[in-house]
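Common to both upcoming complexes is subunit A, partnered first by subunit B, then by subunit C.
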Partner chain A sequence: MLARIGHIAYNTYREAVRDRVLYNLVFFALLLVGSTPLFGQISIGLERIVLVNLGLTSISIFGTVIAIFIGIGLVSKEIERKTLYTVLSRPVRRWEFLLGKYFGLAGTLAVNTFFMAIGFFAALLYLNHAFGRSDGQLLVAIYFIVLQFLIITAITLLFSSFSSPLLSALFAFALFFIGNFADDLRGLAGILKGTQHWLVMGLSYLVPNFGAMNVISQVAHEQAVSGALVLQNSIYALFYATAALSAAIMIFERRNLK
Partner chain B sequence: MSQSAIFKKPVMYVASGLLLASMTMATLTAHRLDEMRPQATLMDVIYIQSPRAVKVMSLGYTGLAACVYWTRAVQYFGEKHVLRSKRLDLLPKLLDLTVSLDPHLLPAYEFGAIFLAQKPPEGAGMPDEAVKLVERGIRANPDYWKLYYSLGFIHFIERKDYKAAEKAFDEGSKIPGAHPWMKVMAAAMAARAGDIESARFLWTQIYEGSDDKWIRRNALSRLIALRVDDDVIHLDKMVQGYVKKTGSSPSSWQNLVAMGWLQGAPLDPAGEPYELQPGGRVVVHDISKFPFIEHGIPEGENRSEFIGPAADKVLEKPGIAPK
Partner chain C sequence: MNAIEISGLQKSYSVGFFRKTEKVALKDLSLEVHEGEIFGYLGPNGAGKTTTLKLLMGLMFPTRGWAKILGKDIDDPLVRASVGFLPEQPYFYDYLTAAELLEYYAQLSGVPAKERGARARKMLERVGLAGSENTQLRKFSKGMLQRAGIAQAIVHDPKILFLDEPMSGLDPIGRREVRDLIQELHDEGKTIFFSTHILSDAETLCDRVAVLNKGELRGIGVVADLLADSGNKVEVVWQGSAATAAVCALNAECHTTGEIARAIVAKTMLDAAIDAIRRAKGNLISVTPVQTTLEEYFLKRIEQGATAGGNAKADSAVLEVKT
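== the complex of A and B ==
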């Protein structure tokens, strides 16, 4: 089972790295990250803050775009090219296929993030000429960005398991947008009463809580991120991605592929 | 198809000719448009005024949005400063948006308050707004003593409210890690509020404490103004002493040299001699070189904004007044 998932993941990774869209996005992300020292110079007093904010936001946004644009085609492309039938005619279960696809894309995103992070740290080194103790917190912010990618990839796979690529992209972007305001939804629920309160509260827990994973501003000000937050975010990402993947598997298992 | 084969087609020649000609014409037209509307700028509009709306639109990346708004505030201020504009109406809103998006963006409070507080065209001439901004910064960052310093500074220099300045310096001095001279400044405000020495001390701290070119240059021009004010006050005293002794005003600096009070015609920080006007009034020769001066302004002239070569000399050259 693990070997089958591994093979699919590896092939998904190979296919993804051959995608020209990926290279374009990574190129632009690196360009943006690399040019951050220039942005800092047109402001006053916050070269490092601009660099950290712009660099990490670029990594996060470009990674999200890559996750969604590649993720939406993972299942639909296989159906369109009829390659899915070849795969499923072998001793590969549908859920193994989905999990392989998920890990393949997650691996692609991890490798991309690694290269973008190298570009980011190179820009930081260019600005400060050395790394400080507080720069270690930047790795925590990057780790949270990767957790965010794991959730987005699972969500994208969930939508692409039953919907068209265009609608999947639309749903995934909408959920990414709403997920950044989960805290505000809970705030809104606090004001509302009765059924509305419970509906909005339920919705706020249903959408991914990306707000807690965004510590970019915090690390830009060299403020420490607590170990408890790292642990809780890791557990949350694990459970949320598992839930989204389980839903995707349930839908894909029942889907009529004829 | 080879490159030579491509260019055998007449349509390719026409298209390349059209491309070159059109691009040249478009560039020339764009240049002409720029000349026609030199003041035109997008900076004079803030499309979204609500911090809440900007927060939503920034998708949670509020730190980056704050940096963008702070950079925009700096660019807006710089542009207005170059144009010697006396109205900087958008500055308070831009700073409000910046600190609403990131309440911990300390440079926005420190430098933004200076931009707001100084009289036009060096600033927006809104010291009360500057005080509000710094007080907001203190509420969001109560452990950062430098904001108390900024607050005391604005009360002292721009608002001449020495009691409020003393309070700010005193409160700031109690914060762990605060520089010892915060206590000195609080005492100075209480004892001899409004003197040139205190102002010189504050501006020297700003000059030495900042790496930013604009901030340092602004502090330097303030120090020059204080040097001139100091010189003029001292020379005025000499003139009054001469009048007391001889019963008439000196007609030139030579009269004071003859008394042994001066070694020659006194020079301002730019190297020009101070002018002694009929009636014993002491003024600077060229006001355009001395922004911010309070004393020695020639009759009918206003304070100037030009920061001239005096800037480079002022820190190393002693003034007329004895130290």
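== the complex of A and C ==
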């Protein structure tokens, strides 16, 4: 069981790294991260703030774009091309297939993030000539970004297990966007009354709370991230991804592959 | 034990976007396939062959009925460790090489790690893809994909093979090779269930066939029996035109060419025909049973079904026949 999930995950990873689109995206991301010292030079005294904001934001956005674009095809492409038939006609359970796909993409994103992070730290080193104590906080920010990827990937997989790639992409981007304003939604719910209050409140809890996982500007200003937040976000990501994956599995298990 | 047991299997698709209607693609199918036989699943396009195979592979779920493979229910995924499946017009991960593809499938079927590489190479060689091991599948032609498809179906040495139109997309030599390969696999003791709309393939290979049309089973049996059953006529050839009138009176089709006369009569009328020839001092040349081809049988079965169903649409019964 674990072996099969591992093989499927590795094959998913292999597909991603053999795709030219991925390289183009990673190349642009690295270019952006690498060129941030140039932006820094324009704003004297604010170099580090600009570099951290721009670098980490591009890691986050490029990763999200990769997660969604690969994620929407994870299942639908296999159905459309009928490659799934020769997999599911083996002793592979449908949930094993989905989990394999999930971990494959998650692994791809982790490797990507790793390389982009190296690029980012190299740029930082170029700017400051040494790492300071507060730079450790940057790792926490990157960890939170990876947690967001885990959630986004699970959500995309959920959408792609029942809808078309285009709709899945739209849903996932919308959710990513709204998720960044989950706290604002809660604020809005506070103003509203009656049914509207409950609807908006419900929505704010349903969408992934990416706001709480975005500590980029905080670490850019060298403010520490609390251990409680690290714990809270870790548990939140674990639960959210598990819930989304379980829903995806429930849908996919019943699906007729016509 | 039966290799495959199907009972009352039914599948309907819901079609139409706004007003959904049920379209029955497979109607109350029951059949058994014995261990070690080559079973031909015949029917024109749209008969429901692919639907049946997808149900058996657990890719779709039946509306009604059940099926067992090697005595185990088809929704038990472990059954599929001993099953190989070639889908119709297969397509594979085009970023992998042929060897990588086979190794991946061997992994999923639980082939031990040390055997995988060797098995992959052996199977590719077996289907005539030696030399293409390290070619990416995106560069494969349709015929090569079909061969790769067969290789992936046998890479884990399954007991039962399900092949959906295994000869399609191949040139005459390729078809011949696949036919030989199926025969070889059968000789190794594997059970083979294959669908086709090309009758000559089935006629040469199969122990038994089932004929399907519009989702309904129209006939099933041993190829030779089916043919004998529908072809109980004999051709009588003799010399001497004096007997012609008497023989033709026996409800026969007669042709005369000069002194030689030919008549096709029912087997039950054979004695009477010979007597008539003798009485007229005719010279009997030959008596041969008339061979019905599977094609004729097939067409007859499908026509019967069509007339029984009321408005027969001629083109739906057209079969592609290749030699």
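By definition in this document, the second predicted complex is superposed on the first by the 257 of 258 C-alpha atoms of A that agree within 3 Å, B and C clash if a C-alpha of one lies under 4 Å from a C-alpha of the other, contacts with A are read in each partner's own complex, and residues count from 1 in each chain.
Note that contacts are C-beta pairs under 8 Å (C-beta built on N, C-alpha and C of every residue); 3 or more make two chains touch, one makes a residue touch a chain.
All figures in this text were calculated on a predicted structure; none of them were measured in a lab.
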{"item": "Partners on subunit A (subunit B, subunit C) - clash or fit", "value": "fit"}
{"item": "Partner chain(s) touched by A:Ile49 [first = subunit B, second = subunit C, both, neither]", "value": "first"}
{"item": "Partner chain(s) touched by A:Phe177 [first = subunit B, second = subunit C, both, neither]", "value": "first"}
{"item": "Once both complexes are placed on the shared chain, angle at subunit A toward subunit B and subunit C, C-alpha, multiple of 10 degrees", "value": "150"}
{"item": "Touching partner for A:Arg18 - first (subunit B), second (subunit C), both, neither", "value": "second"}
{"item": "Touched partner set for A:Lys82, first subunit B, second subunit C, both or neither", "value": "second"}
{"item": "Partner chain in contact with A:Arg4 - subunit B first, subunit C second, else both or neither", "value": "second"}
{"item": "Which superposed partner A:Arg133 touches (first subunit B, second subunit C, both, neither)", "value": "neither"}
{"item": "Superposition-derived minimum Cα distance between subunit C and subunit B (Å)", "value": "20"}
{"item": "Footprint overlap on subunit A, comparing subunit B with subunit C", "value": "none"}
{"item": "Interface residues, subunit B side, partner subunit A - complex", "value": "56, 59-64, 66-67, 70-71, 74-75, 102, 104-107, 110-111, 212, 214-215"}
{"item": "In the complex with subunit B, residue positions of subunit A that touch it", "value": "39, 42-46, 49-50, 52-54, 57, 60-61, 176-177, 180-181, 210-211, 214, 216-217, 220-221, 223"}
{"item": "List of subunit C residues in touch with subunit A within their complex", "value": "13, 54, 57-61, 77-81, 83, 85, 87, 89-93, 95-96, 104-105, 107-110, 149, 152-153, 156, 162"}
{"item": "List of subunit A residues in touch with subunit C within their complex", "value": "3-4, 7-8, 11, 14-15, 18-19, 81-93, 254, 256-258"}
